[in-house]
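Two complexes follow with chain A in common, the first pairing it with chain B and the second with chain C.
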Partner chain A sequence: MKTLITSKGDSTDSFFDLRFGRGKYFCIHDSETGNIEFIENLNAEAQGGAGTKTAEKVIELGVKKVISGDFGPKAKDLLMKFKIQMVMITDSNKTVMEIIKSLS
Partner chain B sequence: MPFKIAIASGKGGTGKTTVSVNLFKWIIQHWTEKVQLVDCDVEEPNDHIFLPEYLLSHQQEITQLIPKIDLNNCTFCRKCVEWCEFNAIVVIPPVQFAEVNNSLCHSCGACIIACEDNAMPEFPYPIGKANFYKNENGSVLLEGELKIGSSMQTMLIGEIKKLSNPNAEVVLFDSPPGTSCPVVESVADTDYVILVTEPTPFGLHDLKLTVDLIRELKIDFGVIVNKSGLGTKDVYEYLEKEDIPLLGKIPFNREYASNYAKGDLSANNEIFINQYHSIGEALKERMSE
Partner chain C sequence: MPRRRRARKVVEPPSFKGYRPYGTINGRREGRVELHYEEYEAIKLADYDLMNHQEASGIMDVSRATFARVYETARRKIAKALVEGKEIVSVYGNAHLENDWFECTDCKSKFTIPSELLDKSCPLCKSTSIKNILH
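Moving on, here comes the complex of A and B:
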């Protein structure tokens, strides 16, 4: 199963990003293969609709669980429509690796 | 074609409504009855509160057209998504999902041009109302009122302006504060802009921003200093240095402020009447130029 974690940088040492639509990078962790991939969020600086675009990306990538600080109403609507689990973490001092480790 | 005057300011609370309403009354009395006041401050329209003799006569719903994706025709090519500047369209090909988000759509129409599959029929959605108020002589106050939650104030202002009376001699547009899109829309296509400021550091700071905006739009303008006697002299030095015409100074008056707080804007004191007289005459001269 694929999980998306919002991240401030493009490595597993990077800190977790509390923002969903405007998170700098997305870390995609695949629990079956153990594969970890980082993609840059091209909509981080968008005037509007960043959350919607990120939710769109999540669904397109076949991600089933998203981990971020919070989710806006438009993103939440879309994620709920596709039954994607939303996990909120409020501690921004965690690294992406720490979060991945806590998944298993 | 009417002579179109916009009343604007950078800072809020400088007296745009005070000037608009009093000028409107002065023009009716001393210039022409064929004058219309248009309240473009669609997020908080309140000119009508100061004109209680004008009663609501009818309302017109203003809508924006938003496309709704027809899933029978959509091929999920994502061309509409690529064209949308507002991130308002979500198309997810693997799950055959396509939807326009109404609160993000600005009705620019780009997606409809981009779509080659005739999958984007448009439907009207309300963004606000045009309210027409009339007095017993048939004089009309037009007001835009934004629907709560809508972010389409600029479009609404544009639609309200289209409903203003083309047969009027003079139309006054009471603009919202600030220097962004709704203000640009309110002053666009006007013949003259009156900037209302107050002689405070805050008033001057925001006046400078607005002057830059109006100069960029290449519209002729002048300044009214409201609440004069308060604050500092800096605004007058600025106007002189920049060679900006000072149309009038409306003195700060405690009694007037107290009446205003009760919803009464009538300037029945001689100093006020004289000020509006000279401002009105100056505008009349501008029009004949």
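Moving on, here comes the complex of A and C:
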């Protein structure tokens, strides 16, 4: 199962990014293979609708769980509709690795 | 099953399934108004138990702003039903709540539990001490 974590950088030492639509990078962790990959969020600088575009990306990637700081109402509706679990953390002092470790 | 503590402490659901107008002059109107459980509760606390918003929001374990929003929606729905001669249907319970959010009482993370997910514990710390929240 794939989990997406919003991240400020492209390594597991990077800090978790509280922003969903405007988060810099996405860390994708696959619990079956243990594979971790980072992709840049191309919607981060979008004029508008970054949240919706990011939610669409999440669906496209086949992710089942998303960990971020908060989700906009449109992103929430979309993720809810596609039965993707949303998790919100308010602690931005966590690194991506710390979050991945707590998942397993 | 994990303990699912309801944030809202008033646990008694509405005692009806719905209200239907009778003797309407122009016949029964199309459509219906869906009154959510928490909306019924807001009306009950504010207008039946005569609590102020501060007390009522405390009972429902939501912010005052959230309480005010839920209460306002409830009043508008009831007004719409009365004026337009529409049926009111009581909708409550997890199965009908569109926003099914939970909070972990240990790590404070907030999360949804999609219906097909069997694991009902906190996705981060695995605690089973979770509570239903209004979000």
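Here are some notes:
Quick note on the criterion: the second predicted complex is superposed on the first by the 104 of 104 C-alpha atoms of A that agree within 3 Å, B and C clash if a C-alpha of one lies under 4 Å from a C-alpha of the other, contacts with A are read in each partner's own complex, and residues count from 1 in each chain.
Throughout what follows, a residue touches a chain if its C-beta (ideal position, glycine included) is under 8 Å from a C-beta of that chain, and two chains touch if they have at least 3 such contacts.
Quick caveat, the model's predicted, so the values are computed rather than measured.
With the two structures aligned on chain A, chain B fits next to chain C without clashing.
With both structures placed on the common chain, the touch criterion links A:Lys74 to chain B but leaves chain C unconnected.
Once chain A of one complex is fitted onto chain A of the other, the partner contacts of A:Lys2 are absent, as it touches neither chain B nor chain C. Chain centres taken from Cα atoms put the angle at chain A, between chain B and chain C, at 70 degrees to the nearest 10. Touch criterion met: A:Lys65 reaches chain C, while chain B stays clear of it. Legend: residue contacts after superposition of the two complexes on their common chain; A:Asn43 is shown touching chain B, with no touch to chain C.
Look at A:Glu56: by the touch rule set out above, it reaches chain B but stays clear of chain C.
Nearest C-alpha atoms belonging to chain B and chain C sit 16 Å apart in the superposition, given in whole angstrom. Taken together, the two complexes place no residue of chain A in contact with both chain B and chain C.
Residue ranges on chain A touching chain B, taken from their complex, read 43, 46-50, 52-53, 55-56, 59-60, 62, 74, 78, 82.
On the side of chain A, the complex with chain C involves touching residues 65, 67, 76, 79-80, 83-90, 99, 102-103.
By the touch criterion stated above, chain B contacts chain A in their complex at residues 86-88, 90-95, 97, 101, 103-104.
Residues 98-99, 108-117, 123-125 of chain C are the ones touching chain A in the complex.
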